[in-house]
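Take a look at the structures below.
Same chain, two partners: chain A is paired with chain B first, then with chain C.
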Partner chain A sequence: MAVPILKQGEFLIASIQAALSDHDLVDLRDELAGRIGRFRARGVVIDVTALDVLDSFGTRTLRGIAHTARLRGAKCVVVGIQPEVAFAMVQLGLSLDGVPTALDLEEGLFLLGARGGDGASAV
Partner chain B sequence: MHSVDPSPIQHLMREMGIDEASVEYRKRIVGIEARDLERIGAVRELVVQNAERLTSSFFDYLAGLEEGRALSGDRVVLARARELKREHLVAMVQGNYGLEYARQRLELALLYNRVGLDLRVFLAAFHHLLERAGEILTRHSGLAPLEGFETFMSLKKVAFFDIGLIVDAIVFERERLIRQQQSAIRELSTPVLQIRDRMLLLPIIGVIDTARARLVTESLLRAIRDNRAKVVVMDITGVATIDSRVANHLIQTVTAARLMGASVIVTGLSAEVAQSLVALGIDLTKLNTVGDLQGGIEEAERSLGYQVLQRERPAIARGE
Partner chain C sequence: MAHQPSSVPIERELDIVTARQKGRELAARLGFSSTDQTLLATAISELARNIVAYAGSGRIELSQVEEPGRRGIEIVALDAGPGIADVELALKDGYSTGNSLGVGLPGARRLMDDFELRSKLGVGTTVTAKKWLR
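Right, the complex of A and B next:
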């Protein structure tokens, strides 16, 4: 299932709606990398609110997307990690080191936006 | 899964994990073998005949001791205990020491526990009973001395099997209070408090083990979502010692909070704790630490853009 990528001003919003296969995630990475250049996006928000599990491949791919985005000149924020998912991730030793995270879409946009960078989340 | 209204003994057995296998294991520990069953079978009649006398010897001995009054003082309980003890003695020589036998022993143990029978006294009285039993065996069984001794030892194995069960059950019951208090402490000591808009305070007091760390982390993550928190001040002044495991738990909690978009400020690492962490080589550089709770709260306020102003010096501060 493809992930819709919305353009909102100079930001791109990828809202993951359902559990993704590894293949979908790779598609998302490629699609985002292309669109950042095409739309000259300054930031990317990946919303994972709907996900109830994030495995090692998902985590690694998200990290990859964030690093790719940065290389293309856009800051990437992962938003909406649920408490259960966060807990499972630390239990499994999965981390999103170097990837900013925020509570939800609003916070994510805020983090990228006017105050860009001094939000709550550690980078 | 669970029956609706299990008797207290069934419940206790489930809690203690006493089943067919564990009873067999207990029998193996004390070394009850087929030979023992044969020897006991040979004196079955004799013991059954003397069951009443032996029961009396046990309770008379108890009554003679100050600590034994707890049992002998209550007529109803005493009558029931005597009845159970007599059944016990009869069952002891039937050679069938299965789950039902264990259940009967636990029933008696619960009774002893209810009246707060002193364990020392119970053991003394039980020994006294065995002494009487040995006497009866040597005098009236008509066995040769060596055979008599062996038979007595076989009986003693069963007695120790019984003692194991009874003592375990009494200790288990007494520790129940400790377990209840532990869980109460756990429940009570993981509050997550909102002290400013989007700012939480998480004071941790006491021992952090894996189960508790999990509880703390879960309630913190839920609170972050519900309060839309951006900053959490985690105060560990009340944590006496931190080893690598506890440190690991703390790091996990902080990492999980960060995944949800909240940053964590850890406060209250005492000088001793800081030194021991360094000595142990535990790397806490991932954590944002501030000396004390006040400093942590101030830091959190700054990061959220709060500025606290004191309007005028109140009377208290002027010392009036």
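Right, the complex of A and C next:
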């Protein structure tokens, strides 16, 4: 699995690594959709801090992941879009279409309403 | 000053990542800001993606370009695919013949300073795009 998924309380945190292939992103979507059910997760944070490029495919897939999570009953927030990546997305005319975003993991968990104190564990 | 253009074969999806990493490296070496490096890497990503999606295979050539008073980077994306019937339409936002958003070509054009698309049906497509150091 190219993208580690951590469980923190009722939330799942997926930290996307640099130079992710298209295939890894599609894998992540499938894996998350399954784990939301298995762990009865209420929310998902997708951390893209390490991602240096978000092109049209990447953006579309990320959007797909978020919408899939929502359909599975979990709120999804994308965090850590780097300033340069944001500029490039704007110039490309890309948007995340209503998928909530937050500055970083902490803000993302706050947005999902994390109460904290659970400690992250690998699942 | 000799600078070897580097050529990245684009045959599968993983090559897209290689091409954009090479482009970013070259841009960094030439002194592009980190924002411009990202814009370049994103443009390369879109162009390489088009090759995989529409032509199946091709290559991306990256080189340093110099003109009196300015220096920059040139990306050439070549393929021997089916070609584009209507180049003007292909450069329009939101137009796609494939299963995509239709932002690839017009988007890549916006990310670069100079952009030229040549295509011939049954022969292939070549995009030449430049970004200048500022």
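Everything below uses one rule, namely that the second predicted complex is superposed on the first by the 112 of 123 C-alpha atoms of A that agree within 3 Å, B and C clash if a C-alpha of one lies under 4 Å from a C-alpha of the other, contacts with A are read in each partner's own complex, and residues count from 1 in each chain.
The rule is simple: contacts are C-beta pairs under 8 Å (C-beta built on N, C-alpha and C of every residue); 3 or more make two chains touch, one makes a residue touch a chain.
This is a predicted model, so every value here is computed, not measured.
**Q** Looking at the overlay, does A:Asp55 come into contact with chain B only (first), chain C only (second), both, or neither?
**A** Once the two structures are laid over each other on A, A:Asp55 reaches chain C alone.
**Q** After lining up the shared chain so the two structures overlap, which partner does A:Gln91 touch, if you call chain B first and chain C second: first, second, both or neither?
**A** both
**Q** Touching A:Val79, do we find chain B (first), chain C (second), both, or neither?
**A** A:Val79 sits against chain B, while chain C stays out of touch.
**Q** So, does A:His23 touch the first partner chain B, the second partner chain C, both, or neither?
**A** second
**Q** Pick one for A:Thr101: touches chain B only (first), chain C only (second), both, or neither.
**A** A:Thr101: touches chain B, not chain C.
**Q** Where on chain A do chain B and chain C both make contact?
**A** 82-83, 85, 87, 91
**Q** Can you check the complex and tell me which residues of chain A touch chain B?
**A** For this pair, the touching residues of chain A are 79, 81-83, 85-87, 89-91, 95-96, 101-104, 107-108, 118-122.
**Q** What residues of chain C sit close enough to touch chain A in their complex?
**A** Per the touch definition, chain C meets chain A at residues 13-14, 16-17, 20-21, 24, 34-35, 37-39, 41-42, 45-46, 49, 93, 100-101, 103-104, 106-107, 110-111.
**Q** What residues of chain B sit close enough to touch chain A in their complex?
**A** Residues of chain B touching chain A: 198, 214, 217-218, 221-222, 224-225, 228-231, 252-253, 255-263, 288, 303-304.
**Q** State the interface residues of chain A toward chain C in the complex, per the touch definition above.
**A** Per the touch definition, chain A meets chain C at residues 19-23, 52-57, 60, 82-85, 87-88, 91-94.
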